[in-house]
Amino acid sequence: MTTRKKDSIILLIRCKDRKGIVARVSGFIHDFGGNILDSDHHTDEDTNVFLMRMEFATDGLQMPPSDIPAAFDPIAKVYEMHYEVYPSAQRPRVGFLVSKQDHCLADLLQRHRRDELHIDIPVIISNHDTCASWAELFNIPYVVYPVTKETKPQQEQQVLALLKEHHVELVVMARYMQILSAEFLTQVGCPVINIHHSFLPAFIGANPYRQAYDRGVKIIGATAHYATQDLDEGPIIEQDVIRVGHRDTVEDLVRKGRDLEEVVLARAVRRHIERRVLVYGRKTVVFD
Amino acid sequence: MTTRKKDSIILLIRCKDRKGIVARVSGFIHDFGGNILDSDHHTDEDTNVFLMRMEFATDGLQMPPSDIPAAFDPIAKVYEMHYEVYPSAQRPRVGFLVSKQDHCLADLLQRHRRDELHIDIPVIISNHDTCASWAELFNIPYVVYPVTKETKPQQEQQVLALLKEHHVELVVMARYMQILSAEFLTQVGCPVINIHHSFLPAFIGANPYRQAYDRGVKIIGATAHYATQDLDEGPIIEQDVIRVGHRDTVEDLVRKGRDLEEVVLARAVRRHIERRVLVYGRKTVVFD
Amino acid sequence: MTTRKKDSIILLIRCKDRKGIVARVSGFIHDFGGNILDSDHHTDEDTNVFLMRMEFATDGLQMPPSDIPAAFDPIAKVYEMHYEVYPSAQRPRVGFLVSKQDHCLADLLQRHRRDELHIDIPVIISNHDTCASWAELFNIPYVVYPVTKETKPQQEQQVLALLKEHHVELVVMARYMQILSAEFLTQVGCPVINIHHSFLPAFIGANPYRQAYDRGVKIIGATAHYATQDLDEGPIIEQDVIRVGHRDTVEDLVRKGRDLEEVVLARAVRRHIERRVLVYGRKTVVFD
Amino acid sequence: MTTRKKDSIILLIRCKDRKGIVARVSGFIHDFGGNILDSDHHTDEDTNVFLMRMEFATDGLQMPPSDIPAAFDPIAKVYEMHYEVYPSAQRPRVGFLVSKQDHCLADLLQRHRRDELHIDIPVIISNHDTCASWAELFNIPYVVYPVTKETKPQQEQQVLALLKEHHVELVVMARYMQILSAEFLTQVGCPVINIHHSFLPAFIGANPYRQAYDRGVKIIGATAHYATQDLDEGPIIEQDVIRVGHRDTVEDLVRKGRDLEEVVLARAVRRHIERRVLVYGRKTVVFD
């Protein structure tokens, strides 16, 4: 997006739909000298929830970005808005969880190295040491917390502590093969993006490629979603698919699926980082 | 396929995999002067089932096509083959079942008029008179057998009788909104292709577009499959997908889905008619 | 789009980019009691051209839609805007040009019958009588003006006269196999959408499927664009593609291409009708 | 493909189409105890060229693979066949040419590390030292031969010498930004696969993403092809595409294109290595 090149503020808003919100918010930005670069909004017909994303240039803005919340608060009160303010220049701190498979991690790290994602990666946490060489190559701390069924509660506390220590604002499960407990998800205090290796809601649970093979589908998929306490039921951010045929074995599905998992997870992370994803209920708005 | 232009024989074979089948069958065809135009085979690793499709030109063949079974039978016995012989010049007789929605029917009839499909359509059967004008436009008999929960067994017998009367070799459910009973499927004596308006196995059952909307998926699909007694569980022939977003209402999903349903069903029918689809267990081989 | 269900006004704006346009326009709408349903805008970095589409509900609007231009004019003057106002309730009058191939016409007429497109079709004009039965089926006047190289100037004048007589606001070339002259395009006074049967700019000119076959591409496409005096060079509205392989003959490409042409043209017409397409230079913005 | 798991022989044949080739070749394999795992063939209607790929298990084969040519030669003479024999167990030696951009190289090296490709990589040659760290990470010799317009002939001779020294059987241009001279291509003595960053034949030549941006296309592509003396005109092996929109800058196209380039090149290399690609004229057959 071209807007990336300029220093900008992204304002995300969620409230009941009412007349005049767009005019009121764009008027606010204009009054303080902001130039709107991009704006999009959506009203969910079922719930009458209004969701908006506005991005405006800071060049010419007549107040420091840190003063925006105080200035905007009165408007937010009138409309009973939930809102968030993100300076685009500020790089989100993203923590990675991985297990043995390294393809999604390696893919994201390469994008990071090309600065495709505009993030900082303070730490990679794993239950195995398999991916350590990637962390080393890209000079990122790599911490191994092994986990067994018995030690899971303690291990999750270790992971949580480390994420907090690093002030992580987003957790990316890059094929982390552990189910995060409800307690973990409650305590983590930031969004968690997971990549599921199927076209959800098809093939929920374990071994989706095996399930797809056994069912004889002609297309397989991958799904990036926010992790919630209902396994594989979190709000979907991005999906994509690829054709398969009778000649493809389960191993071929796994191989083709890897390519899908990489791009689907990368797109989801990118859109989240650009603050283009808003959650309402169990669904997402993704503003392009 | 170019092979269509020539008069040819299609031989489909299914048996346990053994050494030498390809050599034995291609030798048989060659010995009688046949020229192999296209051949493909597949062995299912899980069950060791061998499936083959061979198409050979009749030009130069030293026996009438009707004698092929008698000549091939000894080979089939040695390898314990199940086999079928189809002259490509013979147009399969296809019966259509429809309800109120006409888009798949209209689409298939137009392909039929352009002779894309190389079929005869002796009859269209419906539980409503909604689509009668299409039948009239294309000069095809259109018979209405209304159905209620109470009259379903009798109505199915009427449908069966009419299909048999017309010597139908394939039944296409072009958005026929009735579930065919196990009895019907047992008695019909020919394959039945159904189009399901979701990316199976996601959203089995009623209102798949509503289900997809509620789940917030980013892609919807359509699935053509052989109808079996396990609803929405029959062997999949073809699937395709299209992107959707938060702006799409259920009605938009229905609209976008129509385009998918048309092409997915048409491709499945075409491939079946070309004898490219072989069923094993609950899966299909589709030879391109 | 859900917005279709409500009576609304669509405002399209094009001007040099300046600060405050969004605020000014949304303020204008709000001041007169309009409720913004959908808004999107884009600034072309190369030319600094600002393009905007705003759709607002007429329910609660404190002036009749016909007064909007007079009220908006002072703002337009300040920003030197080119703008257009469309009531969504008003069905655009669309004229069709066809030749011998009927698939795009038949497809669009069926969408029209289901009222997918919210248009009126006052006339179908052709240089052949081949498609007359479709016009008859859907009760639309069908006029044949044959054309030869010699009579082309006169035939174009006949076509122009008939389009004007029917107050056509959009012309759709549904596989009209004549090149419209520069004079025609100057005089027609409304946009003309053409469907080209290739993935432009690949395979410009005649027989693109033959060209694609000869080049051995693995994917073919179709392109809907506004017709301009530079053949096949007009602003692209929509494109899509499908895979092909070595087994596909030119006839197979033509057949597969038909499916593409239908959906690509239908999507382009739909987006134009919804006033989502804005042209700048030789490119389009398509607001989703 | 499952066939990979077994030790097998791949036989590629090209000759004028005649009756009985399939029977003769499959008979030959059967006579020596080979079990056909996979077979496919194609006849080009324009030139009457017959192309075949047969893969058969060596388990049970009554002669050493090295004796196959001598045994097969008499048949090849009868049918005037050009043929090649490849043991699947033998890993092709692939040399890479790269410049500054590392994404295709990094992607292929990771696939190599997972042994997706069944190749050996004896050397990576570049005109820059930018990608040296990748070579180091994967323990592959990396040689830099800088090039200027003046030194190009000598540099190409250095490259050729090194490729020959390493007995390279395939050269992969993984975004090598130099045009190989006709002399180089004549002397290299093995196939060269290039990845072009456009949907050929659209946007031939330099800066295809800039060209695509300027033309306002709605889809961009990437094309893997064999390098020939006619720049960007070589036989196409694989293509794929992705949607773009008016919000995408040239940089966004470059970024989206990278993902395409990686998978398209990887698929082309994989299919070549599996001996599924046969060239005839300026086109390819790709047997799935």
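Note that the chains take the letters A, B, C and D in the order they are written out, and that residue 1 is the start of every chain.
Here is the rule we go by: contacts are C-beta pairs under 8 Å (C-beta built on N, C-alpha and C of every residue); 3 or more make two chains touch, one makes a residue touch a chain.
Note that this is a predicted model, so its numbers are computed, not measured.
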| item | value |
| --- | --- |
| If a chain touches chain C and chain D alike, it appears here | A, B |
| Chain whose Cα centroid lies at the greatest distance from that of chain A | B |
| Chain D against chain A, contact positions shared by both copies (same if over half, else different) | same |
| Chain B on chain C, rotation in degrees - Cα superposition, rounded to nearest 5 | 180 |
| Distance from chain D to chain B - Cα centre to Cα centre, in angstrom | 37 |
| Touching two or more other chains - residues of chain A | 2, 45, 245, 247, 249, 288 |
| Parts of chain C lying in touch with chain B, wherever the complex brings them together | 1-2, 103, 106, 110, 114, 116, 133, 137, 245, 247, 249, 252, 255, 259, 263, 266, 288 |
| Chain A - residues contacting chain B, complex | 42, 44-45, 199-203, 215-219, 221, 235-241, 245-247, 249, 282-286 |
| Residue numbers on chain A that touch chain C, as the complex places them | 2, 19-24, 26-27, 29-31, 33, 35-41, 43, 45, 60, 288 |
